[in-house]
Amino acid sequence: MTDFPDPLPWLIVLPLLWGTLAFLLGPGRGGRLAIAAIALQGVLALQLAGQLLDDGSRVYAVGGWGAPLGIDLMADGLAAVMLLLTQAVALPLAVFARGYFAASPKGRELFWPLTGFLLAALNALFVSADLFNIYVTLELLGLAAVGLVAIAGGRQPVTAAMRYLFATLLGSGAYLLGVALIYGSYGSVSLAVLTPLLTSEAPLAVTLAAALILTGLLLKTALFPFHFWLPPAHGGAPAPVSALLSALVIKASFYLVLRLWLELFAPLATVAAAQLIGALGAAAILWGSWLALTQTRLKMLVAYSTVAQVGYLFLLFPLATLVPLGAADSAVQGGVMQAVAHGLAKAAMFAAAGSMIVATGRDDIGRLGGVGARLPLTLFSFGLAGVTLMGLPPSGGFSAKWLLLMAALESGQWWWVAVMIAGGLLTAAYVFKVLRRAFLPVAEGDRVTRVPRTLEFSAFALALAAILLGLFGAPLLELLAVGRAA
Amino acid sequence: MIDPWLPALVVLSSFLPGLVIFFLAEERIRLRTALNLIGAFAKIALIGVMLWGVLNDHEYVFRHTVLPGLDLVLKADALALLFVTLSAVLWLFTTLYAIGYLEGAPNRSRFFGFFSLCVTATVGVAMAGNLFTFFLFYELLTLATYPLVVHRGTEKALRAGHIYLAYTLGGGALLLIGTVWLYGVAGQVDFAPGGTLSTLTPDTAGQLQIIFLLLIAGLGVKAALVPLHGWLPMAMVAPAPVSALLHAVAVVKAGAFGIVRVVYEVYGIEFAQSLALLLPLAIAASITIIWGSLRALFQDDLKRRLAYSTVSQVAYIVLGVTLFGPLGTLGGLVHLVHQGIMKITLFFCAGNYAETLGIHKVSEMDGVGRRMPWTTLAFTLGAFGMIGVPPLAGFISKWYLGLGALEAGMPWVLAVLAASSLLNAAYFLPILHRAWFRPPSTAWPHESIPQRGRWETAPLLLLPPLATAAATLVVGLFAASDFSPLDWAKLIADREYLQWTP
Amino acid sequence: MKAWLTALTVLLCSGLALALGGAMLALPEFAVRLPAQVTANLDTSGVSHPVTAVLLNFRGYDTLLEVAVLLLALLGVFALSRHADEHAPRATPAHPVLQTLARLLAPLMVLVAGYLLWVGAHAPGGAFQAGAVLAAAGVLLRLAGLLPAWAQPGRLLRGGLALGLLVFLAVAVAGLPQGSLLHYPVSMAGALILLVEAGLTLSIGLTLAGLYLASAGAKR
Amino acid sequence: MTPALAFDLLLIAALLWSAARALTIADVFHAVVLFIVFGLLMALAWARLGAPDIALAEAAIGAGLTGALLLDAVGHLRARQREPEQ
Amino acid sequence: MSAALLYALAGAALFAIGLAGLLLQPHLLRKILAFNILGSGAFLILVGLGQRDGIIDPVPQAMVLTGIVVAIAATALALALARQLLDLTGQMRLPEDRPDTEPADD
């Protein structure tokens, strides 16, 4: 490597290091360290993306052994996109969290170390090319996420964390069993070694393994009907945590589903399975949006919105499986674009919701009157994020929907068009439910206080990024193409 | 070269001030007003430059690739400038009027912020160079107008906002499906005179017909074509400047303008004719004209009556589009401008009555002409124009529509025009009669601006309607001169018909 | 829960077991075989016990992340016990016999841990087993009432908990200039692994004990 | 049947039985005790599979430490359930 | 059939037992036991299948060592959560009803 330092290992080491240091510094400390380090991670991710664009995807043998004896890391365009998303979401959120916990200190003691480990897990997961290593990153991720949900204490968050823990453990249990079956069948867990071995004549054990692994990951992604754990967990945690979980954590397992489906398990993919996943996605969109609409608590509404938006991610599977190449490409691009756009927008939305809750002192959609007057920037950010989720142009959400719609028409699967359009309208309904309340004057007896500037601006930065993604998304697609068979 | 950036600058000239205004403190009235006016005048100046260029066969195109095969295109061609000029000039008047209208009201920064965004969207709609760009600004328009519709924050306003959103977002969804489908069938098609779809293979004809239906339905919502018009009368709960904006400058116009673009510059009028798409649209427009007028007849609420009048009048534009032949085109296009000028006058006046005397209903207008003669004079000009009394603006439109109907071999349209004119007279003349000839009632419902010397109301409320009323007269009287809307519409019609020589 | 749902779940789980069993009986030959590769590379791994070689060298990266998982779990437990402090009853004094036993056994267990750590290089044993024994000593001392509860770990204790991960990270990063993360030069591999294992033994011992002391121990 | 096979079958039967009982037995304390037994049996199984490292770890961590944690939790649960009566 | 494969089969049965327990048992402690049994099943399969040809394979053994540590970490966290829940609600089970404002779904 001519580059020094090599960004790839540092993207994993750095968050582990600052997470540990934040723990050493003591309860509640380490925010400034975290912000600086995440900014550095952002630079590293950009550097890595640049390398990939120049030289194509790369394999990194940890310890110099190489697969199958050692563990390989692999960075291609898809991984780089997810890495960029992670750091891009984490940086503003870290700034937000510092302000948020200053205003609302419940749960701040261990936020930074847990977040450090969470980011390390995400970065490690995105570049791992080893099924068992992925299992370890999944556990690191899951336990960090559960810990974060529980940090504020209280009956509802602890219940949610418990439910979340069982869901995520069950998911990784299924995943681990799948890995065991694959190792037992072929004698390796390296993706690079396995991919050529796995053909459509694979033994039953491998098919079972694929089913177990994918089901476990779907559970972790909270795809309908496995969504039961998500709303209380994401709706009950402190706002910066909700934002991290909704924006990034569920994307990690989605990323794995996508990668495995397109690469390792591609020979086993059937139209029926793809349609089934798509149908679950469609159900998630409609059911999640509908439930979002019926919520009275702001953060629960945003959390149910995540259930719905996750559904869009999974529409890519029927659109990319055994269809003409152009449609499949467009579908994958759309799905990844949706992951990125939703990541940015949902982080913005949870951050904005957190500011509103700090300002009004309660988590109640009916009592948002006055927010529009006192926190215009926050409300504006919420609205911009809403635009992305609705899929209106220009926004990353629109680009994603456009690509998915094109894929649907090109592959002649018009029924997904109807789902996407209906979902967009339902989204508009619940976003405007919040906005119209916030436009009202302050209700009698309520108070709306100002919040620190950093809270308002970090949410705005995220929302703006989601919009700009819609205008300048082409480079992202170029990066995504690195390492994908043309 | 700065040329490609000019269209973008026109859009930004209201977008940037809008953003700044949005975050201005409520008390910064001077700065806000200054920003508003600087934006408005800068826009008009930029448009002036481009008008000169387009007249000399120059085109200004701004292009930015959003995704592979998906470009954001802003293009200043003759058709775009027709609409842009209209909305930029009327925006200036509306802004002045709104400053007077909202004096002392709460949340003005928010109001003017969205107001500017709304015009930004309209200008974008006008200059969109392809369907995607059009859709982008069309949806932005929805989002920017919603806060204006619900601005008062009353239950009624919120309900109207709900209905407005349901209709317009639904329409947007149809438009999106149509657009995506069209991109799937034909690839990226930029708007171009004469249309571009006629080169497609014949086996796509069926699909193209369905797409046309989707596009027109999507656009018809904002254009308030029956039966998609339900939101418009509801939305008149908004403050008067907003109504002016909705009815004359932005929203319904965006819909009508979109229909013009789709028929002429996506399908091409000749290709649309060959797909047998024009006649159904003409029938829909005719029904809308009659139905809107009929409903207007029975409204006592002044703004509701005007709203139904808009339903009917905007359909004239659509009707003109469907009359195959340059004269019909001319009538439709010129009415795009004329209807805007006339209807904005009427809404300004209605706002004046409400603000000054608390008059909201036709039945309360007895003798108002004596208390507010100038306003009533402007109202009278606008109303006569709508009826089509020569030599006012509306007459010119109807004249060319009539000629166009004959040219297109659709004489039944003449009957529609005649019936509608009669109905127009039937719902406007009684108002005028009350205003001028009935004795005033003893007390006005709620007089809030007293007579001060010669000023029957606040100057900023009075001057804009007088100016636009004068324009109603001028564009009619001088229709034949250079640079009149009619002259510009001829230029456009020239370029739309490939086979036509005047 | 409804009876039919229970029955269905049991049925599905049995079905899964049967399917798994059937699938396992119908497996082809291995396509890749790692034991031979492990043996072939054992000389350059720095240790002679294959499992330790895999754990700390070939797949040392897994272990690095796993240590983080362990520390993470402790963080989660701390986060929770923090809220429980108020209603935690005081520790009751333990039986004197238990105290004496603990005083005798604890040093012995530390010795055993040291032995396990040392022997791990060439025989079953290593940091995890050693750490577990160390933790058992801690639990025993706590049961005997000889150790305080840990809900608010002090600076020194935090240092001890983090030490293993930090040493491991340092060794991992030290490999970067030589070629890659966790790259050990052959001549130093044995020493480096022992260094890492020593750090891990201490931290794993403390962490495992902490998992008990921070939650369970705090309430007694 | 060789003695080794017999031992394996017996061990597996014991494993399955202890696992199933641990999950179905009425009393939680008994369940935990059965689980510790299960852990020790697992250690035996690992030894039979030629994995002494895992056997050691399972005995120390799986059965030992997990057992201690579980027993403590049961104690806490019982103390809590007794509380209202006091 | 090798002894290793026999244990792998036992692992499959253990996994199923654990899965059923995790899904069906409302008591949190039992859910935690079930999760551990499920994990042990997976570990047995990993080593058992990996050594089905009778050759001792240190790679899956090392993986299982890693897995056991992960399992105890998860178990400790789960127990801490369960105890917290006990303190807050007086019960060691998840409430069947969903949080107050949430309508019952599925």
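In order of appearance the chains are A, B, C, D and E, and numbering begins at 1 in each one.
Heads up, the rule we're going with is that a residue touches a chain if its C-beta (ideal position, glycine included) is under 8 Å from a C-beta of that chain, and two chains touch if they have at least 3 such contacts.
Values in this document were obtained by computation on a predicted structure and should not be read as measured data.
Enquirer: Which touching groups survive when subunit A is ignored?
Expert: Taking subunit A away leaves these connected sets: B | C, D, E.
Enquirer: Quick check on the contact network: minimum steps from subunit B to subunit C?
Expert: 2
Enquirer: When C-D is set beside A-B, which has more C-beta pairs in contact?
Expert: A-B
Enquirer: So which chain is farthest from subunit E, going by the mean of the CA atoms in each chain?
Expert: B
Enquirer: Name the chain whose C-alpha centroid is farthest from the C-alpha centroid of subunit C.
Expert: Here the answer is chain B, farthest from subunit C.
Enquirer: Which chain has the mean of its C-alpha atoms lying nearest to the mean of all protein C-alpha atoms shown?
Expert: A
Enquirer: Express in whole angstrom the distance between the two chain centres, defined as the mean CA positions of subunit B and subunit E.
Expert: Distance between chain centres, rounded to whole Å: 66 Å.
Enquirer: Between subunit A and subunit E, what distance separates the C-alpha centroids? Give it in angstrom.
Expert: 26
Enquirer: How many Å are there between the centre of subunit C and the centre of subunit E, using C-alpha atoms for each centre?
Expert: Distance between chain centres, rounded to whole Å: 17 Å.
Enquirer: Give, as an integer number of Å, the spacing between the C-alpha centres of subunit D and subunit B.
Expert: 78
Enquirer: Which residues belonging to subunit E are in contact with no fewer than two other chains?
Expert: 8, 13, 15, 17-20, 43, 45, 48-49, 52, 56, 61, 63, 65-66, 68-70, 72-74, 76-77, 79, 81-84, 87
Enquirer: Give me the residue numbers in subunit A that touch at least two other chains, ranges are fine.
Expert: Where subunit A meets two or more other chains at a single residue, that happens at 132, 136, 139, 143, 146-147, 150, 153-154, 158, 177, 181, 184-185, 187.
Enquirer: Going by the touch rule set out above, which residues of subunit D reach two or more other chains?
Expert: As it turns out, subunit D has residues touching two or more other chains at 51, 53, 57, 61, 65, 69, 73, 76.
Enquirer: Of all possible chain pairs, which ones touch?
Expert: Listed in label order, the chain pairs in contact are A-B, A-C, A-E, C-D, C-E, D-E.
Enquirer: Using the touch definition from the top, list the residues of subunit E that touch subunit D in their complex.
Expert: 3-4, 6-7, 10, 13-14, 17-18, 20-21, 25, 27, 29-30, 32-34, 36-37, 40, 43-44, 47-48, 51, 56, 61, 64-65, 68-69, 71-72, 75-76, 79, 82-83, 86-87, 90, 92
Enquirer: Can you name the residues of subunit A that touch subunit E in the complex?
Expert: 132, 135-136, 139, 143, 146-147, 150, 153-156, 158-163, 165-166, 169-170, 173, 176-177, 179-181, 183-185, 187, 225, 228, 231-232, 236, 287, 291, 294-297, 300
Enquirer: Could you list, by residue number, the parts of subunit C that touch subunit E in their complex?
Expert: Touching subunit E: residues 1, 6, 9-10, 13-14, 16-17, 20-21, 24-25, 27, 29-30, 33-35, 38, 50-51, 53-55, 58-59, 62-63, 66, 69-70, 72-74, 76-77, 80-81, 83-84, 87, 128, 204, 208, 211-212, 214-216, 219 of subunit C.
Enquirer: Of all residues in subunit E, which touch subunit C in the complex?
Expert: That would be residues 1, 5, 8-9, 12-13, 15-17, 19-20, 23-24, 26, 45, 49, 52-53, 55-59, 61-63, 65-66, 68-70, 72-74, 76-77, 79-81, 83-84, 87 of subunit E.
Enquirer: What residues on subunit C touch subunit A, complex-wise?
Expert: Per the stated touch rule, the residues are 19-20, 22-24, 26-28, 30-34, 37-38, 41, 57-62, 64-66, 68-69, 71-73, 75-76, 78-80, 82-83, 155, 158-159, 161-162, 165-166, 169, 172-173, 175-176, 179-184.
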